[in-house]
Every structure is written in structure tokens, then in C-alpha cells.
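What follows are several structures.
Shared between the two complexes below is chain A, which has chain B as its partner in the first and chain C in the second.
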Partner chain A sequence: MSTQQTGSRATAPDIDEQIVTRRKGTTSHARDFGPGFFVKLVLVAVVNALGVYGILAAAAVGSWGIVGFLVIALVLVDWVYFSRRMLPVKYLLPGLLFLLVYQLFVMAYTGYVAFTNYGDGHNSTKADAISAIQIQTERRVEGSPSYPLAVLEKGGVLAVAIVENDKAMVGTADQALAAVGGATVEAGRVTAVPGYTTLAFAQIAQRQDEITNLRVPVAADGSKGSLRTQDASTGYIYTPSTVYDAATDTFTDVVAGTVYKASAEGTFTAADGTTLNPGWRAGVGLKNFTTMFTDSRISGPFFNILAWTFAFAILSVATTFALGLFLAVTFNDPRVRYRRLYRSLLILPYAFPGFLAALVWRGMLNPRFGFVNEVLLRGTHVPWLTDPWLAKVSVLLVNLWLGFPYMFLICTGALQAIPGDVIESARMDGAGALRILRSMTLPLLMISVAPLLIASFAFNFNNFTLIYMLTGGGPNFAGSPIVVGHTDILISMVYSVAFEGGNKQYGLASAVSILIFVIVGTISWIGFRRTKTLEEL
Partner chain B sequence: MRRSIPLVATALGVALTLAACSGSSNTPAAVTTPSETATTAALTGTLTVWVDETRIKDIKPVADSFQAKTGIVLDLVQKASGDIRTDFVAQVPTGQGPDVIIGAHDWTGEFVKNGVVAPVELGDKAGTFSKSAVNAFAYGGKQYGVPYAIENIALVRNNKLVKDTPKTFDEVIAQGKAAGTQFPVIIQQGDKGDAYHLYPLQTSFGAPVFKQQADGSYTNELALGADAGTKFAAYLQKLGQDKVLDPAIDGDKAKQAFLDGQSPYIVTGPWNTTAFKAAGMDITVLPIPSAGGQEAKPFVGVQGAFISAKTKNAVLANEFVVNYLTTEAVQDALYATGGRVPALKASAAKINDPILVGFNAAGATGAPMPSIPEMGSVWGFWGTTEVQIIGGQAADPAAAWTTMVDNIKSAIKG
Partner chain C sequence: MATTSLEQHAPVTGLRWWREVGWRHVIGIVMIAICVLPLLYVISASLNPNGTLTGSNKLFRTFSLTNYSELASTDFAKWGVNSLVICTVTALGTVFMGAAAAYAFSRFRFSGRRASLTALLLIQMFPQMLAFVAIFLLLLSVGTVFPALGLNSQLGLIAVYLGGALGVNTFLMYGFFNTVPRELDEAAKIDGASHAQIFFTIILRLVAPILAVVGLLSFVSAYGEFVVAKVVLQRVEHYTLAVGLYVWASDERNAPWGLFAAAAVLSAIPVVLLFQFLQRYIVGGLFAGSVKG
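Moving on, here comes the complex of A and B:
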């Protein structure tokens, strides 16, 4: 320990000198045309290339928010890395940008979704919903034939040609179908009309949107419906069964006369409560947050899961820490032989990817075929993962197996950092082994370990992988309208609400996510304040 | 000079960037935007098709032949079967979705409810398909998908172990027990349950999941409750207590156990019989006999293709889905690789494989799996309740079944 200190002391002046010379600017990269400068040039060029590509791609699809962000980010990058006065920012900028994209943006977006009804039936924008309703309620005129059709063009305006009663008919979006003379007809299909160009497949492929959206009225007053084609070779006659009126923002059923008004909940709703599908994403205020507590069908399982999440996180930290500490203290004793070997073996579970280990355990705990029941318990059928309480115990045990090596590692590290002379002096004063552990080792250990325990708590609070892979949240609660179970923690409940039930509710799932954030944030904040007082001991 | 160095370097970096973007040309004026490249690519045409790992093997040869015939490039994207549906619903509104998605008919309701699929017009071609296959993709009076294959489950017998044809499900169990194998009959479950494989037994008690109208379409009125439902629940408990059904046996274990000759019977679909035949087993496919007195009706699933509501290639997509997938040659080819009964009547008539004929006969009495969006709220509760009854966690099967029905009702209400 003391040699280390002198060692670092010896190098300290060199570092200071370097910092001073940097500050003077004699080795600034901006004027240093060494290999480093060119490496930087190439790297920044690559970043610029990616950025400009991103800007062009985003501009092409009209995502102006992304364009704006990328422009600002690129200008910042170039300015910072080619400026001489921005040394600290050079180190911070990449992290800050990624923080913005992967943390702040995601958080803000989750926050936004939590106040909407985004989910099944409210999947997209209002404009999308209107066009979907229009297309879905369009009806093919009963008994009308299918027409072999040709797509024509005249002065940039699209037209279609069909054959009816052996006469070639041509029409455009504004001009109803009318007979034309001099058209060439081959096998019931028009191939050429004087004055028009017949579009070949390549040209059709370029104007697909225009062609599929083209509606050619059959009669001038629009009473007989309109001709449409989806494959540019066959046309059918459709009439709308609902009509959208933009001025009043309503859909009207042509036959029944029912009026569907756009509602604040994001649906077109009739007076009797029936709605048109699909709806659109709409703001619903605090509804997602209040349903968690007030809707008794959801609040029951929710509070159960909340309690289990706390129990799971606390017990996981407590058990792994207790076992890790015990083993660390044991193998820290110089009297234990082959300590290195044991230590290496104990780290093994930590070296396993968590999701893999959870899957392996799931197989081993299978009541009928699992290794535990079949081999260890000689063919009993203990329902490890299907009994509510046993499943909880299994989850904790598996997490203990997965988690203790980490605690063992950090405790071993922290124990070795406790100065030997302090413990030695305590022993001289006549303190017993237990007394030393309780009054000396543990408090000193806690200074470095306590923040890690809080981090571990936060990790386990959101330990989705383990729950999802081991039990899938099951066994499920008998009697809840969302598919959640006895071992579900909040984050796996979020997953279940958002994706697993038949009815996806991203809004509610986001609201629960925000709640998790608030809980973990508060606990971590309190925890870190407490550890500060530990340091003052 | 000093000041200008950063400027020069920045300019250089930008120039490099532009050069990298424009490819062969070095002048910034020649920079092509992605939209431009997209339109030039459309001259030949590229269709993006999403397909999951269970169907990609069927679609790949057809995609290649379509490309060879029309010059339209078919970009087959393999998605995980667990995600493909959710991803499609989430990504179509953003414009990131595919042009075409290959899937099952029971996705129709969810897709329509979210406005992510475009209607298709089969026109006169509708008559060339088996009626139930076409209707399976209809929703609210409109057609949203084009079918290519039909599949359902049936009772598969290992002829080496048992030779008699059972008349009731109890006979199946009795024969299986007499055969002295580890299991009398295998119906896969897993810890989340498997209502799909139990459905024939359930319908034999007269408890279909939703009420069916005369034309075969489903109303959103639940029909699995009442006396018929609780009788079936009691029967499930009995099967669980007799160790006929076991939650520990999931799909993989079921298949393996039957391959290992541990059971004379298995309730499964054509997706597993290829493996049984490859293993040299002598099997016969039988209709599932009744357990509750009425006809046992398996769910009939239909495979098909949907077109995205936001496709930029609607004409190409219709060319592939409506005009190409519906041809006899293509349906023949799909049968040759997929081994499922074609939806096109002309292709289906040509089948002479006794195993598929057996599945076809077993499915003749079946009912299409409901495609209404309400069905999504049913699966989770249904499977877990059944597995709780079988496993014995739900000691009172009738009560558990009634709770389940209430839960499904409230989940449907939202």
C-alpha cells in the first residue's frame, strides 16, 4: 500500500507539467500536423459523412425534427473538435449527444406517450385514421363486373380506359367515363387511345400512389360510384358508405344517416356510443395514471406487483450481499488455502450471461423433467415455477445464484482496501473477531459498497431479464383483466400491458414506466444522501 | 493563417463527406438525395415483404420465381414470429413498415382495428378459393388478405403401438393406457397453457369461444361460458388428475415424446408430421374424436398475405399478392415446399398424400379461428386458466372457468 502511494507521488509532477504545457497551447491539435491530426481529420470526416447522410435521409422523408437535431449536432462536433479552446468539451460532447438521444429523448417520449391513449385502436395520426376509415368503408357496387383496365396519360393527367358494351370508355379524376372513338381494343382490354399515351409497366411503377388513389366517376354527378384500380390492370366500381366532412369533422353513414363526431378520446363516435375503427392517438390527460389506482380490476394486481417488486429488489440485494460478504470475509482470511482457486470458481456464475442462466434454471426447475426434481429430489414433482410462493422462492434463489459473485467481488475488493494496521490495532486493543467485523470492517466496507448496493437495488428493481426468462411473470393471478402473475415485477408488468395482452396499451405501460422511474429515482436519491452521512463517520 | 486552419479543415471534412455521399462523382452538385435514388430503383421495382421464420421457407422459392418472371425485386425480410405482428402494427404508421406481410388470418381484426392494412379486391378470383379460406380474411364486409394455405390439428396415431380407430376421446385414453406407454395421449401445454390444442375437446362439450353467425362470421359475444364451459373445465381437471394432460409438456417435449414412441397418440398439426415421417414412423391422421358428446371442431388457420395501408408500391404489391399468389402454379409450389393444404381449390384437389388428406378431413368440421380483435383478449386468460385447472392450482374448475369468462369480458370492454 505505501509503495503504491510513493509511486504515484513520483509521477504526479510529470502530469502537472503536461497539463500546464497543454494549457499554454504549444501542443494543440489544431496546429499539430502530426499523424494524430490526420487521424482526427478522418474520424471527423466519417462522422460528418454519416451526419450528412442522416440529414439527407431524414429530409427525404420529411422528419424535420431529426434534420434540425443532426444539423446542430454536426455543427457542434466540427466546431468543438477544430477549436483550440474546447478541450474539456471534446471529452464530454460524444457522451452528451448520446445522453440526449438515448436517455433524455426516450424519457421525454415515454412521458408524452403516458398522457395519450396510444395502443391498439389508437395507433396513428388522425389523418391516417380518416383515410383508413374512408378506404375501409368503401363498398364495391353490388353485381358490378371487374373491368380489364389500361392506365393512360395526357399532359401529365392520368386517365383510365375500360371496355363496356364493346365500347372503349376513358375517364379521369375530373371527367366521368365517356366513350371515345378510334381506340384499339385487344382481348377486352384497351391498348391504345388516340391523343393519350398508354403507360408501360415502368411508368406505372413510378406513379403507383397516384394510380391507386385515382377515382374515376362513372356518371358525371358521381351517383353511380367511381372506378378504382389497385393493380393497374383490373378496375372495380365502388361507392363510399361513409362520407367525411372536414368542416364539421364528422363522418356520416350514407345509408343509415348516422353521424359520427370526432371525440376528444380519439375516435369518431355516434350519439349512441358506437365508434368507427380505427381511432387515433389523442391526449387523455392523467387517465393512465389514475386507472392504475382507481380501476379496481387493475389496482389489485398493481399493488400486489408493487409490493412484490420491493420485496424482490430488497431481498435480492440482502441475500446476495449477505452471501457475498460471508464468502469474501471467509476467503479473505490468509489461513484459507487455495484461495485464488476458490475465488475463481465462485466468479463463474457471474461470467454467465444472465438470460442464458435464467433459461437453464427454468429447464432445471421444470416440475416433471427438470434436473432438480428428477435427479436431486429423486423424481418428486415439486411445482417450483407454478406455485405462487414457490415461484417467488425460486426467483429469489436463482437471483442469489446469479448475483452473489458480484457482491463477493466488490466485498473482496473493499476488504483488501481496508488498511491492515487499523484492524491490527483493534486486535491489539483486545477486540474479538466479531467485534472487529461489526465495529471496524463493516462500517469501513459500507463507505465503498453502499452506493453499489443502491445501484444493485435499482438494477434488481428493473430486473426484467430474470423474470421474463425464468417464470414469464407466472403463475398468473386468477382474476385480473391484464395478463400478469405472482412473480411479475413492475417492469415485466409494463411489458405485459404493452405487448403481451391481446390489447396493447402503450399509454398505460408508459405511465407505469414513469412511476417506476419516480420510485427508483427517489430511493436512489435518499440512498445516496444516506451514504454521504456514512462517509462522514 | 492560424485562424483559417480550422476553417480549411472543416471545409475539407465537409468535402470528404460530400464525396463519400455522391459516390463516383466528386462535385457537390451531383449529390443524389435518397428520394431520388428511391425513384430510380422503382423503375425495376422493389417490394419489401415481411415473413416470419415459420413461413419463410414456403415463400422463398415463390419470391425468387416472381422476381425472375416480373423483374420486381422481392426483398424478403425475416422477422421473429413473436414480434412480426406487433412490429407491423407499430411501424406501418411511421412509414417504416413493409409493403406486404405474410401471416395468419387471425391477425386481420387487429390490423383492421389499427388501420394498417389495405383492402384487396379478389374479384372473380374469390370463387376459385375454398370459401372458408377467403372468408377468414374478410372483416366488416371487406377482404383484407389473400389466402394460400389452410391448416388445422388432428389426432395422429403411431400405428406401431395402436391400430384401432377410437370413437370417443375416452377410448383414445383407454387404448393409450392399454398400450402401456408412458403417456396415453399427448396434447402439448407448457406453463402458459395451450388453448389451441385443447379447443377440439372444448367444442365437443358445446362451448365455442365466440358465437358464430349463419355465414360463419363471429360476433363478439362470448360463448365459452355457461354449463357447457364448466363441464369442459371439470373434464380438464379429470384429465389433469389422471396425468393425461401435463403442464410440463410443451410443444418441443410433446414432439420428442411422440418421436420416441412414448405415446400412441398425439394431437398436433401438419407442421410436425414431416418430422414424424422423416423419422420413419408409420402414422395415420384421424379426426379428433368427441369427448363431450358433440362434434369436436378444431380451429382452422389460414395462411395468407396482407398489403400495408401505407405502401408506396401499391400496384406492385397487388401484382404480387392478388395476381401472382392466386395462380395455380404458385399455390402448387407453396404446397410442395410448405406441405400445407392449398387454399386454391384446383391445387387442393391434386393432393394425394394420405396424411394431408387426413388433416383435411379432420378440418372439414372445423371452424376458422376468430379474427375479430376481441380474440386477442381471450388467449392469455384462456390458456393460463386451463393450465391452472390441469395443474391443480385451481381446485374448483367451475369457479376458475367462470372467473376466466368474467375476466375476458372485462378485458374486451377495455
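Moving on, here comes the complex of A and C:
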């Protein structure tokens, strides 16, 4: 092997070099502009066109991170595919780019988010939070007049028209109110403006939300507040009741005089602890991790879930392996007829898609109407999925049903690979059947099966689909601010914290993900060392 | 082995047969009953026009294809098409990118080759779905610039799946590529073939079996993938089968159980068939650790 490699190392570049020089030296040669070259040219041109479009689109909305990535990626693509060197990279690049964005970046991003308070109430940047607070604290100006108003539309953009000092004024969300000529005014209300369509009642009803959210600045610099309407026929002037001061980085409530200071936690907080909503994304250091371990309302469920995750993964591997091995040994006897038939029927649960199996079992285990209680147990009401302990048992049993065929298959394969003469010589030495199984078969079997058991552990550790589809994590823990239950495992806890319940906490969810990374990484590393895959590269 | 074959020929009968062989059949029959019962239950429920959980409990009392014909008026066909499109594109992309990478690792000797292989092996330990929160947030912000690659887009979901292409399958292919003799491509090189010609016209044909296996494997795993699809696809008409059927079956109050059962039978058929083909590769230990989801 090694001689072969050194040999090719010496010759392969030479040949590459020859081809390359020929191609470079004689550009007029027909070969060099063969169909392959044009296919490449067209593909790279398409990638470039899409990339340039992407750069422009990202620059238009100010996503500089995306712009930067695209510029680097495009330069790299052109360089790699038109350079005569870097042959391997030509083949690796497409996969690497996807790997970089959708696997490496998201893993790194998980790490970053875990140290922030990203989530509901802290969804965006500080600048966004400031303008959102200004909008949310807007009040109608005391004693300000009401304006009969018309809602107009031009090219899909909403506008409002009012009459002030006998002049018709029109403005949109982006353009402050300004006088227009040629408008028709009837009884103090604008009815038509040239170039605009006046919205009829039906259209107003259709775009109700848009209209109630429309804020038309009275002056171009926004200093005089904005015109808003609730019913599309009367408008009022609104001004923010809080004022932001960039120099001190504070909000001041103009009525009560309370000062809200920007805090490191990503909120504007007053001296008495009240905060303005929303806050912004801010680094919070290890807070998510300390919450997980020390905040009693979260750490209680968390430690339960952590223990159950390990118990679930270990018991799943143990039970499926035990049953699979038992069946493999049972049907490894050549005297048993129809073994092939048994095997093909026994792997049916494995061939059936896992998510469907979990959903079918969920129906069958339904306490009131399910098949198991109604038919198999003659109408009892065993709370298979709603009692904390029984739900855990159900999850394990369903996973046993789903998982034993895989173990059966690999154990059968491993048993058949054990040389018969080894077993035979043990029998000659007087070992009984059990003794052979314990001292010969099992140790030999474990050599090939152990890495698969570790992989199976890692898989079950993150078996989100089964848990989520069978029990949804329930029955839920009482009194926890996050929606998690007795059968939740870490990965389904991440899902609950991030997407379910009233308060989405991406930061905390990512912190739990990081913990899973560490655990799975450690376990896989152990398996990895055992299989010595590294040495075979 | 002589004694074993001798035993095989000696007819074992009576009590001794029961003690040594017969009990194995008893276990086999019991296990088969356990394996098959839920599957029979779904098939029976799918043939029962009374589409409730309670109504489905009497196995094979009725035989009617009403549920199947009613599927036509639901979103099921749309979900099926979505799943097929997403999984096919994912499988093709995975095969192409994995094969290209395996070719590079198998045929070129470049600095950083060993390091990249090790890195891939390390990355492989962390399934992509562990980072679904970050995937959601990434697509959320990408979507503001390119809606086609953002949340609620099937293209966006495919791109996410392709991100896992290199990590999972390169090794499987790499091993197989190494079994194709290098002399073949060296001969072609001397005849003036470029590296691309060697890859597309020689190597890819010789490794066709592994391409088929990797393609089917990634198809099946994308077919059963749930959490990323659930997070990315938010509108009913964009769902894949996994997400759509979950929504049907998890509706506690008025689950359309008959419809669900019919849909489950139809969606299980392609995977069950594919598994007949993949089974021997699983026994051979080729898919170390690729436990089906």
C-alpha cells in the first residue's frame, strides 16, 4: 500500500503537469474548448450571476455578513475553477460550501447564541429596540385636534390625506405630510387626489391591519409626532411619551419623569427595576448555563430530564440489544426451518418509517379509545401516555419494538462471521452451551458490535422524533416556566424552550444544545478511539 | 462442522425436538405477532370508513376504500409531492457532492488531505439536527435577503439537508472509491483524458452501486427527517409527509384517524420496498451507526 502510494505520488503530478502544460500552451487546440469547458463556463457564469444578484440584494438591506460571505465565496469559486492548480479543491468545493454554512456555521452560531439572551423580547438589535419602544410608548397628544381623513393608495403603498388650514395634505409612512394641489375636498374631508386611488370600504376592511399600523410623520424629521388612525376615517397626532437620549443612552418618560438606563442585560431598566419592552440581543455571558443548573424552577426539570435522557438511551440500547441478540442466537440454529421467513418478517418494524410507527403507537396506546386498552386489555383504562412512570415505560417499549430488528440484523451478521471451528474446539474441550455463549460467542460478537452500540446510544440520546411524536414530552412538570415533561429528553427540551410555550428563549435552548454537543462528542470520541478508524485513513 | 451437519441429518423428534428446536418456533411466532400487529392495525384502520380511534379497534370488520379516495381531497397528495421532490433533490445532490469529495480524497494527494479527512470524521459525530435552533435563526435572517432560501421554503430545506451531505456519506464512498484500481485512471490519463473526464466517464460508472446505496440511504433519511422540516416549513401546503402526518395524528380531539391510517400505509410503501434492497448492506455492517430515524 505504502509503496503504491509513493509511486503514484511521484507520477500523478507529472502527468497532471503534462496535461496542464499542453492545455495552457496550445490554447487553440480544439480539446481545450471542448464541451466540458463550455459546461463549466456556463455553470460558473450562472453561479456568478446568482452570486452578484445575492450581493446586491444583501447590500440593499444592509446584511453585511451575507455580503462578505458571498464575496469571499464567489472569488473562491472563480479562482478555483479557472485556476490550473488546486485540482482537489475543484471537487471538494461544492460540498464544503454547504458544509460550511449549514453545519459548521450553525454549530458555531449555536455556541454564540448560547451566550446571549436571544429570544422573545430580545429579538433584534439595539437600534430596532429603540425605535420599537418609541412606537410602543406613543400617546395621543393631549387636546390635539382630530382630523377627518381619507386613506389613499398609490402603487400598493398606503397614504393618508387630511385637510389642514384649508389645504389638502398627503403623506405616507416614508414621506411626511405635504400639501398637494388639485385635490377634491368635500365637507372638510379629502375625497380624491390626482395620481392616487381613494380606498373604498371593502378595501379598507381588507387592509385593516396595515392601516392601523400606518404612521405618517407630521414633519420630515419626525419631531412633531405622527398621524395615525384606528378607524380609517379620523386621524390623531401621536407623540412618544418617552424620549431617547443618545448621549446618556437613556429613555426618559416625559410624563412621569422616570429614567430608564440601558443595561448590560439588553434592556432599558429604571432604578426601581421596571423595564421597557422590547429589549435587544446582548451577550449575557454564562447566565444561560447558570440558569440551567441553579435556577430552581428550571434546574429541577432540567436534572430530571438529564437523568431520563441517559436512562432512556442506555435502557434503549440495552433492551433492543438483548432482545436482538436473543433472537439472533435463537434463529442461528440450522435445524430451525423457515428461518428466512422469520427473518424477513421480524425486520418489518425496522422497514416501517420510524415517525409513522411512533404515531401509530400513539393512537394504539390512547388511554380511552386505543387498541391496547380497548381490545388487548378488554376495556381497562391504563394511562399509558399520561402517567409519568407508565409513559416512560411506554416510550421504552415502543422503542424496543422499533429498534430490536436492527440489533437482530447486526447480531445475526456478527454471529455468522464467527468461525465455526473456534466454537467447535470449545465444545470439544467440554464447554456447555451457556458457557460457550458467555465465554466465546459474546466476547467475539462484541468486537464487531460494540461500535454500533455506541452509535446507537448516540442516536437514541437524540431520538427527538420518537419522543415528540409518541408523548410530546408529556405528562408535563407542574410549575415550570418552560413547557417540559417527564418523558422529555434534552433535545426535545431544546425544542420546547426554543419554539413552544409563550416565551421563546433561543439563548437558553442553545445552551442546552451545547451541553448535548459536549456529551455526544465525548461519547462518540470514546467509540471512535475504540474503532481506530483514524488509523485507516 | 462435521458434528453439526451430522446433527442436522439426524432427525430430532418428540420431546427432544421441543426442547431443542420447537421452542424457537414458539418464540418466532409470538415475536412475529408482536411485529405485525401494529401494521395490521394500520391497514385495518385504513380500510375502515368510520375514521375514529374507537371505530378502528375491530380488525378487518369492514373493507372499504373510502379513506383512500377521500385522501384526494386533502393536502396529502401535495405533501407526498413535496416529500418526493425534497428527498430526490437531496439524494441527487448528496450523491454528487459526496462522490466528488470521495474522488478528491481517493485520487489526489494534497497537503491537508489527512487533516480534512480527520475533520470530516469529527464533524460526522455531530448530527446536523442538533443545531436546529441555529438553523432556524440562520434561515430567519437569510430569508430577509433571499426569501427563496429562508424559512418556509423547500429550497431552503434542501440546502440545509445538503449541508449534511459531505459529513455523513463521504467515508462510505471513500472506501469504495479506493477499491477501484488507480491503474485505470492512470491509463486514461496517458491516453489524454482530463481529470474531469476520468471522474465523469470512468470512475462514476465503476462506483455506480455505492452511488445507488448512498442515494437511497439519503432519500430514506430525508423522508423520515422531522425536526428540521417542522422548524423550517410553516405553511400547511409546504409540509413534508412527516410533518403533515404528525399534524393529523396528534390532533387529540378530532384526529382524522382513518385518513391518517390510509396516508400512513401509502407513505410507508416506498420505504418498506427500499429497505428490502438496503437490508443486506445493513447486515454487512456497511452502515456502521446509520440508525434509521
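In this text, the second predicted complex is superposed on the first by the 324 of 537 C-alpha atoms of A that agree within 3 Å, B and C clash if a C-alpha of one lies under 4 Å from a C-alpha of the other, contacts with A are read in each partner's own complex, and residues count from 1 in each chain.
The rule is short, and it goes like this: contacts are C-beta pairs under 8 Å (C-beta built on N, C-alpha and C of every residue); 3 or more make two chains touch, one makes a residue touch a chain.
It should be emphasised that the depicted structure is a prediction, and the values quoted were computed from it without experimental measurement.
When the two structures are aligned on the shared chain, A:I135 is found in touch with chain B, with no touch to chain C. Residue contacts after overlaying the shared chain place A:F82 against chain B, while chain C stays out of touching range. Of the two partner chains placed by the overlay, chain B and chain C both lie in contact with A:N366.
Of the two partner chains placed around the shared chain by superposition, chain B and chain C are both touched by A:F499.
Measured by the number of chain A residues touched, the leading partner among chain B and chain C is C.
In the superposition on chain A, A:P475 contacts chain B only, with no contact to chain C. Once chain A of one complex is fitted onto chain A of the other, the partner contacts of A:A57 extend to both chain B and chain C. Common to the chain B-facing and chain C-facing surfaces of chain A are residues 31, 57, 61, 366, 369, 472, 499. By the touch criterion stated above, chain A contacts chain B in their complex at residues 30-31, 41, 44-45, 48-49, 51-53, 56-57, 59-61, 78, 82-83, 120-121, 123-125, 128-129, 132-133, 135-136, 138-140, 146, 202, 204-206, 208-209, 211-212, 230-234, 236, 277-278, 297, 366-369, 383, 385-388, 472, 474-476, 478-483, 485, 499-504. For chain C in complex with chain A, the touching residues are 1, 3-4, 7-8, 12, 20-21, 24-25, 27-28, 31-32, 34-36, 38-39, 41-42, 52-54, 56-58, 96-98, 100-101, 103-105, 108-110, 113-114, 116-118, 121, 123, 125-138, 141-142, 144-146, 159-160, 162-167, 170, 182, 186, 189-190, 192, 194-197, 199, 223-224, 226-227, 231, 242, 245-246, 249-250, 255, 257, 260-261, 264, 267-268, 271-272, 275-276, 279, 282-285, 288-293.
Looking at the complex, you find that chain A touches chain C at residues 4-5, 8-9, 11-12, 15-16, 19, 23, 31, 36, 54, 57-58, 61, 63, 66, 87-92, 94-96, 98-99, 101-107, 109-110, 113, 118, 327, 330-331, 333-336, 342, 345-357, 359-364, 366, 369-371, 374-375, 401, 403, 405-406, 409-410, 412-414, 420-421, 424, 427, 448, 451-452, 454-456, 458-459, 462-465, 468-469, 472, 491, 494-495, 498-499, 506, 509-510, 513, 516-517, 520-521, 524-525, 528, 531, 533-534, 537. Across the complex, chain A is touched by residues 2, 5-6, 9-10, 12-14, 16-18, 20-21, 31, 33-35, 38-39, 42-45, 86, 89-90, 92-93, 95, 110, 112-116, 118-121, 123-124, 140-142, 191-192, 246-249, 253, 309-310, 312-316, 318-319, 322-323, 373-381, 384-385, 388, 391, 393-394, 400, 403, 406-407, 410-411, 414 of chain B.
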